[in-house]
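Common to both upcoming complexes is chain A, partnered first by chain B, then by chain C.
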Partner chain A sequence: MKQFIAFVKKEFYHIFRDKRTLLILFGMPVVQVILFGFAITNEINEAHIVFLDKSHDVATDKIKDKILSSGYFRLNEKTPRSSADLQEIFREGKVKVAVVFGQNFYKNMLTHQSANIEILADASDPNMATTLTAYVTAIIRQYQAEEQTITGGLIGTEVKMLYNEQLKGVFLFVPGVITVILMLVSAMMTSITITREKELGTMEILMVSPLKPGLIILGKSTPYIALAMINAVTILLLAWTVFEMPIRGSLLLLLAECLLFVITSLSIGILISTITNSQQTALLISLMALMLPTILLSGFIFPINSMPLVLRYVSNIIPARWFIEIVRSIMLKGVGLEVIWTETLVLAGMALLFIVVSIKKFNIRLG
Partner chain B sequence: MNNTYAIKAENLTRQFGSFTAVDQISFQVKKGEIFGFLGANGAGKTTAIRMLCGLLKPSGGHAEVAGFDIFRQQEKIKQHIGYMSQKFSLYEDLTLYENIRFYGGVYGLRMSEIRERAEDLLKKLGLTQQRNLLVKSLPLGWKQKLAFSVASIHNPEIVFLDEPTSGVDPVTRRQFWNLIYEAAHGGTTIFITTHYMEEAEYCNRISLMVAGKIKALDTPTGLKTQYAAESMDDVFLKLTQQ
Partner chain C sequence: MKIIPFIVQKEFLQIFRNKSMLPIIFVMPFVQLLVLSYAANFEVKNLTLYITDHDYSAASQRLVNKFQGTGYFQLTGLSSGVQAGFEQIEKNEADLILQIPFDFEKNLYSRQPTDLQLIVNAIDGIKAGLANTYSNAIIADFNEEISAELPVTQVMRRAVPIQIESHNWFNTELDYKTFMVPGILVLLVTMIGAFLSSMNIVREKEIGTIEQLNATTIKKHQFIIGKLLPFWLLGLAELTFGLILARLIFDIPFEGSLLLVFGFAAIYMLVVLGIGMFISTVTDTQQQAMFIAWFFLVIFILMSGLFTAIENMPIWAQQITRFNPVAYFVKFMRMVLLKGSTFQDVQYLFGAITLYAIIINVLAILNYRKTSI
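So, the complex of A and B:
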């Protein structure tokens, strides 16, 4: 125990005397949350729209009003007179959507003939285009439903967004940012700090000393567990105060799951450090083999359901995928362990596997 | 335990794939002796020292260090030896005292013991004033002397030194050897590898390694007579040209 305390103390000296690492450790989470929260967002505000209205009747006016008052759109100063005008306007690039009403719109609607609306969107940014057309369609459908209730018409649809009524992008990003940061601090930092001792030659001295290999690893990783947890709390606090993100489930459970994920990531970091002897390689492996899949395949940015089948299978072996699911469930849905026990079990199993493999590998290196 | 040898090696061998780095070497080191392990770079000195310290498993042969078997009793050996590697082995971003305290803690010394030994050690090296400086601010020679003292902080029976003086100027090298003599005088066995031939003269006995084998083992004077050479340099040249 005395050996262990001496070791951890030494490790903290290393961390606190390295100003650059310290800056990365504590600056990065704040910057990332702010960046993801404010700058990188899927939400649409005031997209430029034009109307080509061949009817100019009660119905088209009402639909136009509805669209413009939704807050998502803003009427562009240009008014197209023909389809050719539309081409020209889109080419200029400022206008993102155009709505074209057919002739005799209101009359056709009343007589139950097909009343035509055409929605055109600038799909050079496909995501944006999809979202915008979805918004316009929704507004038109809403109008349709209202009309039908007045005239005693058909079925009205109502859409309700559960758990995140305002569809805030930051709710999606915070679990992802926590995941990336915890992964980075735990896996990358541990693999670097262990390979650093190998590079400096101090690892040999430690191995010649009576310290057990397990104790060396534990002593090296304990400070990073503490730091990662501080980061997790920082991010949660930021998310809560700045972006008003709720934590609907148990905070204690959330922190316990964070700890589990930190341990899983740490054990990957230790595994990396047993494969290589250089800090550079450790850094590269951490970035390429961990960060990229964590960001791309975990469901942080791209939904797992829309991936090709192969990638969906691959995403299963990425710890972050399970952790993001856990964080979203606890924070947004407020569920407890009875719902997320599978994910928890998978993470725990991964941690165990990595720890066993890295201890085995570490011992082989000794031999 | 009460035999006169600190280290006994018999046909100790280590292969890396098809390459035999250390080829059936046998020797004994007496307690309190300064035993030099000489050879060109790549002769197998470091491999041999790493096997004795338990950093590397031998492929064959037997060896005892401080009376313990290197195959079965590695953990016991660790309590009784100190080790200083080719690479500088202190933490540069820790102060002198923090380094001493850390290694003292690693060897399970009590806080009072650590404090006492740190005082002695710093006084002996004339570094009491610098105790709270970061190690990286010291010149290389001083770092090496400090590293040696730290490697023997737990009063080990044997200290293994792997080319401790490479890259150090002759004056500091001389001072370094004074520290070694002092430790040996106190009963510590010193096992040292070097490729500086003039350092061989400082050892009680030396073994010369060529291509993984021990080619000669005797006192410096004995070797010089045997090979009719004026200096250890000549001995070494004659041996390698055989």
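So, the complex of A and C:
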């Protein structure tokens, strides 16, 4: 046991000696959470709008006022004089929506002829276009309702947003950030640190020491488990203090699941290190086979349901997909193990599989 | 002047000799382009809907049919109990619940106000917002239909007719891939350029061969140019392949001039390589270089407007994106490829990226001198 502790100590020395990597390891989660929390958002915020008003009367002025005071839009300094100008304005890139009022708008409204409004949206970003069009339409409909003595709308809708009343993007992203960071620390770092011993030849020296091979691997990974858990707690604290993200379920369960995921990732890292011989290859394999799928296919940023069927199947073999589900369920829905036991079991099964395979591979190398 | 071609030749030899790097350089970008284009999709499809119908009337049935008929929603269940719906939301089987109240039909036909309730799983805010928008549009539509059928009363005469017509320009079919692919091309050349160049000089340092190179008669600028030229060519070649794929597979319109695209890319590659070289000069091992490159790339890419619009960021974050070369290129590609913007429209982007190229490369060269003396 004493030898083991000494060995773990040596690993910590290795880690703390490389200040630059350490700085990034601890800086990355902070920067990412803050970026995701503040900057990475799909909420519409002052989209530039222009009006082409062929009537200039009471009604169009009122509608324009209503649109501009909604908080979603901001009048662009360019004023189109004709439909041809619009093409030009859109091409410059700033303006996202244009609203065109037909001629004799107010007069038509009073005489019960159709008063025409055209909404043009820059659909090079399709979601933004859909949302902005919907906003403008809603505002105009509201104006219309106010002008009528009885409202056209007999049916009211009451909307309840569960788990995330203010639709904060950060709630969606925090579980993903935790996942990526844990993966980075436990899988990527472990695979590199073990291959480094191999590359430098110091692995042979460790092998002839009285420590058993299993203990060597365990000793090499212990510091990374600690680092990963510190990172996880940092992210949770940040999310809680800065963004008021709740942990509705049991904190203990959450940390236990984090540990399970760390062990799964570690076992992948160890597996990678048993099949490679140079740091560079280990790094590239981790990057291509682990990090990219984790970011792209796990539902971290892009919803899995919108992917083509093939990719949806592929996402099932990615551990991160299951872990993200678990974290979201515990933190936001406040559910317990009885709901997420399938996901937990899948993760545990994956960990077991990877550990068995790497032990097999590792033994062969020793022989 | 003969020296530079020799260095270039040496670099190419080294690139093609490294068997683990070759697939990374030539296969990965295209796998990435294919996977990303299909995966990077904020388009909200297949929303799952659970309906709790307390009324069970002809009117409520009609509303249910209307929801099903739009193609946005997939019905996962219909009952008169509330509990089942909530359970489905908890298990992620349903995204939202629509509750139709008692006496829905009766109130509707007697012109009494009646309230529908939408309960949305809002963990994914974007999805929840769109689900809400879609539902409200359907309900408004339904409302209009019913109103039209009801007998016209005296009061109703005052109804104000406003016709709204909406058009989506530049991407009439609202295809998300059309929007993403030009940006993903940027991501592709950026990652290759930054990783390769940041690990290049530091590798010579780690192995020790940099000393030998420093001892030759090669001048600094020749060395730098010779080092960067191969990656510059590689980057532009990747862009060419990427554009061909974009045209053939994703049917991306090339509205603007390709000459303009390559002109911009040529300057942009200098920026990316300059950043890589700068990282290379401040690090000692490939591992460090890789980590630092990864760190900055993640920030650059997330803040580039590729995945989320820059206009939606808070002002301070928008200011930061002014220092982000990736943001300039993403914006440029979308403007030129999708909207057919001309040089006049994008000249400020050219100015900014050129300035960036000069600054970063001067910094890298200065830094390189310092460390090698």
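Heads up, the rule we're going with is that the second predicted complex is superposed on the first by the 278 of 367 C-alpha atoms of A that agree within 3 Å, B and C clash if a C-alpha of one lies under 4 Å from a C-alpha of the other, contacts with A are read in each partner's own complex, and residues count from 1 in each chain.
Here is the rule we go by: a residue touches a chain if its C-beta (ideal position, glycine included) is under 8 Å from a C-beta of that chain, and two chains touch if they have at least 3 such contacts.
From a predicted model like this one, the values you see are computed outputs, not experimental measurements.
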Chain B or chain C, by number of chain A residues touched: C
Which superposed partner A:M28 touches (first chain B, second chain C, both, neither): second
Which superposed partner A:L337 touches (first chain B, second chain C, both, neither): neither
Which superposed partner A:I5 touches (first chain B, second chain C, both, neither): first
Which superposed partner A:D18 touches (first chain B, second chain C, both, neither): both
A:L206 touches, of chain B and chain C: first, second, both or neither? first
Shared chain A contacts, counted only where both chain B and chain C touch the same residue: 18
List of chain A residues in touch with chain C within their complex: 18, 20-21, 24, 27-28, 31-32, 35-36, 38-48, 90-93, 96, 108-109, 112-131, 133-134, 137-138, 140-141, 143-144, 147-150, 152-165, 167-169, 171-172, 192, 196, 278-281, 283-284, 287-288, 292, 296-297, 301-303, 305-308, 311, 325, 328, 332-333, 335, 339
Complex interface listing, chain A residues touching chain B: 2-3, 5-7, 9-10, 13-14, 17-18, 200-202, 204-211, 366-367
List of chain B residues in touch with chain A within their complex: 53-57, 75, 78-79, 81, 83-94, 98, 101-108, 151, 160
Contact footprint of chain A on chain C as seen in their complex: 20-21, 24, 28, 32, 35-36, 38-46, 89-92, 107-108, 111-130, 132-133, 135-137, 139-140, 142-144, 146-147, 155-156, 158-172, 174-176, 178-179, 199, 283, 286-288, 290-292, 294-295, 298-299, 302-303, 307-309, 311-314, 317, 320, 331, 334-335, 338-342, 345
